[in-house]
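Look for chain A in each of the two complexes below; its partner is chain B in the first and chain C in the second.
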Partner chain A sequence: MLTIKRFAAIPNGADLTGLYRNMAGDYPKFFKMDTACKLGFLLAEQLADEARFVPREDRAVLMFSTHGCLCNDRHYEETVQDFPSPSLFVYTLPNIITGEIAIRNKYEGETSAYVLDRFDPERFCSLIEQAFQDVVTRSAVCGWVECRADDDFTAFAFLVERGGNGKEFNAETIYGTVNQ
Partner chain B sequence: MEQLINEIKLKLIDTLNLDGMTPEDIGNDAPLFGDEGLGLDSIDVLELIVLLERNYGIRLANPQEGKKVFQSVAVMADYVAANRTK
Partner chain C sequence: MRIVCKGRSILTPLGTTVQENFDAVCRGDSALRRYEGMFGVKEPFVASLMDRKEWTREGHTFFDSLVIETARRAVEDAGIDPASPRTAFVLSTIKGNIELIGKQDVTLAASARTLTGAFGNPNPALVVSNACISGLAALLQGHRILCGGGFDHVVVVGCEVQSRFIVTGFQSLKALSEAPCKPFDVHRDGLNLGEAAAAVVLGFGEDGWELVDGAVRNDANHISGPSRTGEGSYKALRYVLRHISAGELAFVNVHGTSTLYNDEMESIAIDRAGLIGVPVNALKGVFGHTMGAAGILESILSMEAVDAGLVLPTRGFSELGVSRPVLVSAETRKTDKKAFIKLLSGFGGVNGALLFGKGGAGC
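What follows is the complex of A and B.
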């Protein structure tokens, strides 16, 4: 059985730089990230437990959205007419969110980014359960990072683990937790 | 020189889209690359080369030269002061 060890959320329109300075402050690469990556990074900081910074293959990182990295794509497109910005280009793939979290925390398990047509707790849950089908994965950072604009987003995440004492991770508890 | 250092910091923030970073966050002698400094990587070198050319008329033809020039903001400022054409 999968359970929820921790839950994290970032209010829409929150000051992400302010949150970074309060929560971490020791990772200057944060400033290079696009807004979607910043959201993923900050969610992972909130979920962090004792099991990070030591390389581990049993923790996966799974991120979901409908917009992918469209917000940064627009910023990159603006630079194309002049000098296409390499530093923006690297954020034009949504799976970089999972990469940034994995690198920061040394989570070396599966990383996957899904672009779905809408937030559906059943499907969200099902895809995460599939990630636990292998024998290696014991826990996963699983987030919904919807970046519609730099100041308009929906961002929440769960630290899910195999076993554990938390609430069972299923569509009902996901829906209930997200809508608290 | 302090004015030039601050100017380069502002241009770094603008050019590399370091949203939310301030000049005070960048130490004059802090390494620009790697986890201990500004966290830049090889992708960003291209942006720095363009920054030097557009703002100071300096063309870096040899990538090896970039390794020395982009050590820190202070080193960049010294190089700009000695080689700028505009």
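What follows is the complex of A and C.
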């Protein structure tokens, strides 16, 4: 059985730099990131437990969205005509958010990025359960980071683990937690 | 019951069937050529591109047309009902319709809707967009969906089309070679981009090619550079090697993008995983880097090779240019082994390995 160890959410339109200064403050790479990655980074900071910073293969990072990195894609496209920006281009991949979280925390397990039509707790839950078919995976940072624009987003994430004492991770508890 | 490949399809500039593409690889053909002014890109580049006029269907974009057509062919090959609620679709792509940004809805979610809509399938398609390992990750996802229950078949479709957006991006990173790429070669100096579409229908069965297992692992090191120790690739290899010994593998079909760092990293991972005695080959010199299609395209051609008792040649390779003595297969060679590993890695520090076997090999 999978259970919820922690949950984190960032309010739409929140001041991400302010959150970063309160939460981390010691990771200047944050300022290079696109908005989706900043959101993922800040969610993972809130979820972080004793298990971070030591390389570990048993923690996965699974991120979901509808828009992927389209917000940053628009910024990159604006540079293409004159001087294509390599630093923007590397953020035009929907999975970079998982890589940023893995690098920061030394999570060496699976990292996967998925695009769904909309947030559906049933589907979100079943895809995460399927990821735990990997027998090495013991816990996962599982997030929905929907970045429609730099100041318009929906961002929340669960730290899910095998066993554990938290609430069971299922569609009902996901729905209840997200909407509390 | 095993999870096996029931239908397959490949569309590339070299052929529109699996057989045509396999024959082209065996002959040593390549679709890589030099383009000047293509997509409005200022600098010339070498790539493997499809004929847009030939493949674009009315009412659909070039990308969506290729996705639907390759899925249709794989579904026909498998003889399954694509509209059945017990059939799921997984789409693998990195950038989808990005060339149309600002002109229409270019979300990957929109392409997923178009795909299932074309077949009247009631399940929303899942998009796996995991950088250059997307195709491999999508096949693994298909395996997991079937293991999870509720479905009889999963149609896994991979596709990438090129555009100014992607080409200028790789140029800005100085990742492209000005010549056809040279995987694992001492003179390698970058990759070439490619367009392709490929699909596999996975289902339950006893016969045919089994997708045994797979794993995805992160280097947790750098977002755009591979690990110097091959960490993620090594760990992904180690995971699938729980099922098989090195001596049972016909080959490892590697990523082999022909960038300095990728090929070096793969050689380290292969050595660390105890696979230094296993033949290694790469297909990027034939098709270029087809991104979201690569994992599926290269897996299908590897199955064909084992069926023919062959290790395919590595076009572009002549002299080993990595630090570990990997057995790069320069020319076609014979094999009597019945299993292989597909290896990929990509931006975001992501790496993946899949194990395929036939006749119980590797199970």
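Simple rule for what comes next: the second predicted complex is superposed on the first by the 180 of 180 C-alpha atoms of A that agree within 3 Å, B and C clash if a C-alpha of one lies under 4 Å from a C-alpha of the other, contacts with A are read in each partner's own complex, and residues count from 1 in each chain.
The rule we apply is simple: contacts are C-beta pairs under 8 Å (C-beta built on N, C-alpha and C of every residue); 3 or more make two chains touch, one makes a residue touch a chain.
Nothing here was measured: the structure is a model prediction, and the numbers come from that model.
Touched residues of chain A were counted for both chain B and chain C, and C has more of them. Once the two complexes are laid over each other on the shared chain, residue contacts for A:E129 go to chain C alone; chain B is not touched.
By the touch criterion defined above, A:E161 reaches neither chain B nor chain C. Contacts of A:Y27 after superposition: chain B is touched, whereas chain C is not reached. Contacts of A:V90 after superposition on the shared chain: both chain B and chain C are touched.
Of the two partner chains, chain C is the only one touched by A:L116; chain B is not. Of the two partner chains placed by the overlay, neither chain B nor chain C lies in contact with A:E146. Contacts of A:L70 after superposition on the shared chain: chain C is touched, whereas chain B is not. Common to the chain B-facing and chain C-facing surfaces of chain A are residues 85-86, 89-90. Within the complex formed with chain B, the residues of chain A that make contact are 16-17, 20, 27-29, 31-32, 75, 83, 85-90.
Residues 55, 57, 61, 66-68, 70, 73-74, 76-77, 80, 84-86, 89-90, 92-96, 98-100, 102-103, 105-117, 123, 126-127, 129-131, 133-134, 136 of chain A are the ones touching chain C in the complex.
Looking at the complex, you find that chain C touches chain A at residues 94-95, 98, 101-102, 106-109, 112-113, 124, 126-131, 137, 141, 144-145, 147-148, 164-165, 168-173, 215-224, 231-232, 235, 239, 346-350.
Residues 16-21, 25, 35, 37-40, 43-44, 46-47, 50 of chain B touch chain A in their complex.
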